[in-house]
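Two complexes, one shared chain (chain A), two partners (chain B, chain C).
Take a look at the complex of A and B:
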């Protein structure tokens, strides 16, 4: 009994109170902190070895706080363990070069992928794990709980209520994981207003608000200029529409961000219309507001889109289409990434995207030997969600066709997500899209990873679409058959050259491989004239002027 | 970068050439190519010269060209290709388009 009474159960809360007192001694009371005082604030509330979440999303970046964190005295603040979605800014790497941070757990490192690999190799960065978004968010509540979170919002009021607007993204999950485990939340905001349009994060979950000298950086990640779409992409889009969307009647979809899926979006009102598919496919998306979807939306194809984030230039268009997009009572979307990822994981029947390399077993990866790009959210969609229990026609049909179902679950009916890779057999500079060994293995060795970073595993992949044909991999009964089907569509790559024509013939007879001819598609029809919009200007026109593209996409 | 010059020769169909003396099509834009087709009676043979900045893909060129000759049913031709990193898909597509154009068909 004696021992029990001395046990402390509120050590975290006490520690937080001490940190907040230390901050108050330097800065006085009040939540609003001037930009010039931010470095001292960070030195007061962050302790060596803390887990710190620096909000770096797919798009929105807490860039000012990141830059100020780089300015703390490494003698006072060091050994930080960063836990963050994206490594997107120079400052994210600088933290390690300056000896302020030493370890990182993350999900995506697009623009910094090369620098990150270098920093890991030179021993400046100790790598935790590379995650998918939902996986990382999950760990924020289990074993990667942030002690301090540095987040970004459009606006705050004087009490500290935050408005994260159409780029809410990861803010709610970060703030909740931090604050409810007694941590400290600091938000940079573009401006302080009398009254926020909508409370996205309540004031009592926010400890400090910093008006940033300039608006946070936002990356227009999902804009694809139709002028850059090639005939090869159009051919694969035609094949996918006829051989997959139509074949399975796929109504609920997540698209990747590449030009292949942009081509599909732009073919819906033209080729899709010609095939009589309107109303039969693509009525709902878990997808960012892709500008290339405008013609399909305007032609009445799309009933519903739930977004992971926003897209520069699409704000007004989205606002004026509240039947299609999710719009708050204030008139703007929220785009909570966690919910969009859940929708993409459980509620869509198909993921379709592109990749850099596919191996002979159907595993695919965007890793190269010297860049650690991470995963982002794609694998949450590009997999068969094992926890799914609701049925839909497309899901059931794909499961019905599963050549290995009986071997795994006997006669029990079970559906399957369609997971589709669109792949040109060779990319630019003749880099083969099909390889005997993924570069991910080299990256594993170079960066000391525990496993090769695989974006989509072969057992989840159901279809590959190349200019040579579609391989319906899930129809195969064995891995040997899957390999033969992959070889059959791998063209003149080293993998494709191993294809045996008589074996391919058999696979075609059984409907496991279909060439454009088998699908009734003449490759000569794959011309740019088939696209509903030829360029960004056409997209603006389709939107009735509501889409306002960023300057770099305007060339007229 | 040094350009690579390749030469190939295939059995085509005698008499399956093009109606005009020669025909040119395509542009040497990035990821694309141009081709000059010249009629030449040579027992159906199709001779091809390729000028490309990419080295190490002789066998792929041979396979792509062989497939084009077989599938298009052409013959008695000289092809001169100037390539700027076209992928095998683009090479096959441009050759089919060029032949169609030379024969006066719609693309």
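Take a look at the complex of A and C:
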């Protein structure tokens, strides 16, 4: 046996104690730190090269702490490795422009996607990897452990107990990964109160609390105005309901963000009712509180919804529907992105959403060459979860139909999750929805990625729905057959023009391609009159006034 | 628009209030309930047909509450649907024998696997599904939401704040799913204290606290005595280290339970050092605190370990290694099965473990016809996580080698996780490790499952290591080729006897099969002298006395 090591085993803890002492020397003792002192606090507790988590979620943003981090002296604090869900604010990019941060590992960069691409091109940002949320959370415990976390909450008490309420989102996982690996947790809060309505994060997991001069920024990312839903979207929604939801009896679902799935939500109480599907589909969701789901909830379609985050304006409605949503003992909602993503991966039978481009093999992506938008939760829910072992009728049926199953697992039966893309053959400015080569290849080159950032891979994708028809891709026995099925529904795009009518005829005979006519759907019926709500005002009416949309959605 | 519904939306909350009132009428107000009153409490708050979560984890068991639940009057409380991780105790089966519970959804049933099979056969237990842990946790938020949860903690204060420490395990996810859907949470604790060392579960998430007459039961499930490691296991461990860990530069790993991976852990500071692998492999783990990992930790191989649960006897050692393990602000360890499973699914490059049977297609299972053992975490980690998007050298290399990739995703590159089975061609009593038909098929029939309970599917499995050699299955271009590679390493089993020497020769030429000689390994070197520790006492020495093994592992 070799000699006992003389290594120290508590270096992180000692280093943390030193940082906290440095902070105490400047600011005195106590957890509550005044807004004016935050920059000095950050300079005391963040060291060059640290991995720092700046809470930027899908919705909630620790915007005040982000802005103050931009003000630290780059001679003192530099070379930071940011590990965070979302790059959503100007300040997130500014950190790099000022030389404070150097590297980023993240999931989603919607509004900053263009600036991020530029910053990578110019060498100001070194890109680690782009993740799906749950994957990034996993790495917080393995090789991307934050040294310091800057998070956001609605309220704190003087001990530091945090109330995160409807927008709990990523906070629990960030705080646990940081604090239990000896790291430092700083929370900005909208207010300090005598007693928080409930404890979402216990005080002893939090080092500092900063009352922020204004409430944290919150983006209503999942609100879609029914007035903007097109008849083409309504047709695809009808096809999806009849050709997929009903065909497989899909009870547990995640809907992507966008107008395509908003149309489906608004057809449940009308077209869905007409098809006799109430009780047979859509009883439970892993889903944010989508306002367009209100009519289906009010009509008794939905038994349960677990939310990734909150949605601005939906707080009161959710609170009053405690049988459907998850609500705390205090009566206010709680979301949790980690648990909702787990549910979305393993416990729902179908993911359905829209995309920008699908290639000839069925790989799809929202990447464009000059914008690094990231993945968010889509790959985690838009894939076949290979660790799943429980059976449901939809999962078993899809697995039975899997034409490539024998090539993969021989004689062994296995189910398959439904992964559906709703796709317009041409988007605005006549950009084709089907392409020979995804823009993701260009983005790979521009961003220095190892492989193209594919949102959903062809072998995970089971159905494509276009106005031309549904391609049941998983029924194909080979990739050649899959390519033919994709061509058959790709319309007048360069990919679709390669379709061979006799080949398509054979695919229709075999139930691999179904046109609206094959599905018994008259496209002329796809009118806006079928929607259960025509506009945001209708949604407010459906909610009995409980839904209070943000100003930008109110035009009455 | 249809008329506003007159439905009530807070039925669960009203029902909960009624139950809590019923409890208060019997027991008075206050969260703390005396052990003698627990049966009456359970009769008051649990209603017939409820979904009930009885915390039974891999290690920690809410055994006192389980035993008291067996004592309720089946006329009052019956038809329960148990949703719980593990069926580990006699009381878990007794609930069904007494007619209190009726249906079960679970993950793992090691010690009760035989009794469970009998109870299903005799119609006493209706089986829902068998899950992997994370999958079951996901369903807690969708369609298996517990109405009442019975959990275990080390300590509580008088407000009901819980300290779960090293054995936090499943408690946070169970409590959150239950309490935020208006359910009722009851915790058994080893003691009530003035102030808990830290808050693991906040008081307002807990309805009742019961001081248990004795500490909760804890199973040292991951302790392996080095004295029982065989030379055959050492040979396979050498092959795995040289032919897989080194070949792919695997830095982030999960090890299965068992002697095969214990052998690998004990070879790191010896054979691993000799191969120059220190720093190049195994720097981070999602893993319980395996005592056999102590020599590698002490030798500076391991930078980080995140744990699913605790391991009896390892508490003090873990506590003193805060740079490596996750430790709370109070200085004691915290585990979290949810987060460790997420890390094991998405953030580690390799799962490696042992199994009982592998079929000709590469599907493997630990099922036997008369024992329903369940899956635990294995399928979640022993699969290719299709939602993964970040790249690592190991993942990219394995994906590059994937012979079936083009058939699945066309020209699109994608990585692949390493999933390795260490397999003895013959186990004790000459049971073959390779079979033409898995016992899982018989179990499917006996237990009324929809499909056979496969632990790891053939398309997820990348490598099999037997004493004959390593089969690099993912390099095969077809399932026929995969079958040939399996036969080539299956020794004298019925499967192995079908191997064709000239076919095997070709596979060796192509690097799909490698014998020990191909790997440059002399089987004669596979002796116990290579292990960094020969027995449990050596492990204690390596730990400087910090590891305190349970009595049953002490023979000195």
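To be clear about the criterion, the second predicted complex is superposed on the first by the 550 of 556 C-alpha atoms of A that agree within 3 Å, B and C clash if a C-alpha of one lies under 4 Å from a C-alpha of the other, contacts with A are read in each partner's own complex, and residues count from 1 in each chain.
In the analysis below, contacts are C-beta pairs under 8 Å (C-beta built on N, C-alpha and C of every residue); 3 or more make two chains touch, one makes a residue touch a chain.
No experiment lies behind these values; they were computed from the predicted model shown.
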Pick one for A:492: touches chain B only (first), chain C only (second), both, or neither.
first
Chain B or chain C: which reaches more residues on chain A?
C
For A:10, select first, second, both or neither according to whether it touches chain B, chain C, the two together, or no partner.
second
Per the contact definition in the header, classify A:505: touching chain B only (first), chain C only (second), both, or neither.
neither
Touching A:524, do we find chain B (first), chain C (second), both, or neither?
first
On the A-aligned overlay, A:76 touches which partner chain: chain B = first, chain C = second, or both, or neither?
neither
In the superposed arrangement, does A:552 touch chain B (first), chain C (second), both or neither?
neither
Looking at the overlay, what does A:195 touch: chain B (first), chain C (second), both, or neither?
neither
Residue numbers on chain C that touch chain A, as the complex places them
1-2, 4-5, 7-13, 105, 128-132, 134-135, 137-139, 141-143, 145, 161, 173, 176-177, 179-182, 198-200, 202-205, 251-252, 269, 283-284, 286, 295, 298-300, 304, 306, 320-324, 326-330, 334, 336, 338-340, 342-348, 359-363, 375, 379-391, 396, 404, 406-415, 449-454, 457-460, 478-479, 483, 532-533, 538, 541-542, 544
Note: in the complex, chain A contacts chain B through residues 230-232, 235, 424-430, 467, 491-492, 497, 523-524, 526-527
In the complex, the residues of chain B that touch chain A are 31, 54, 57, 60, 63-64, 85, 87-90, 93, 96-97, 100, 107
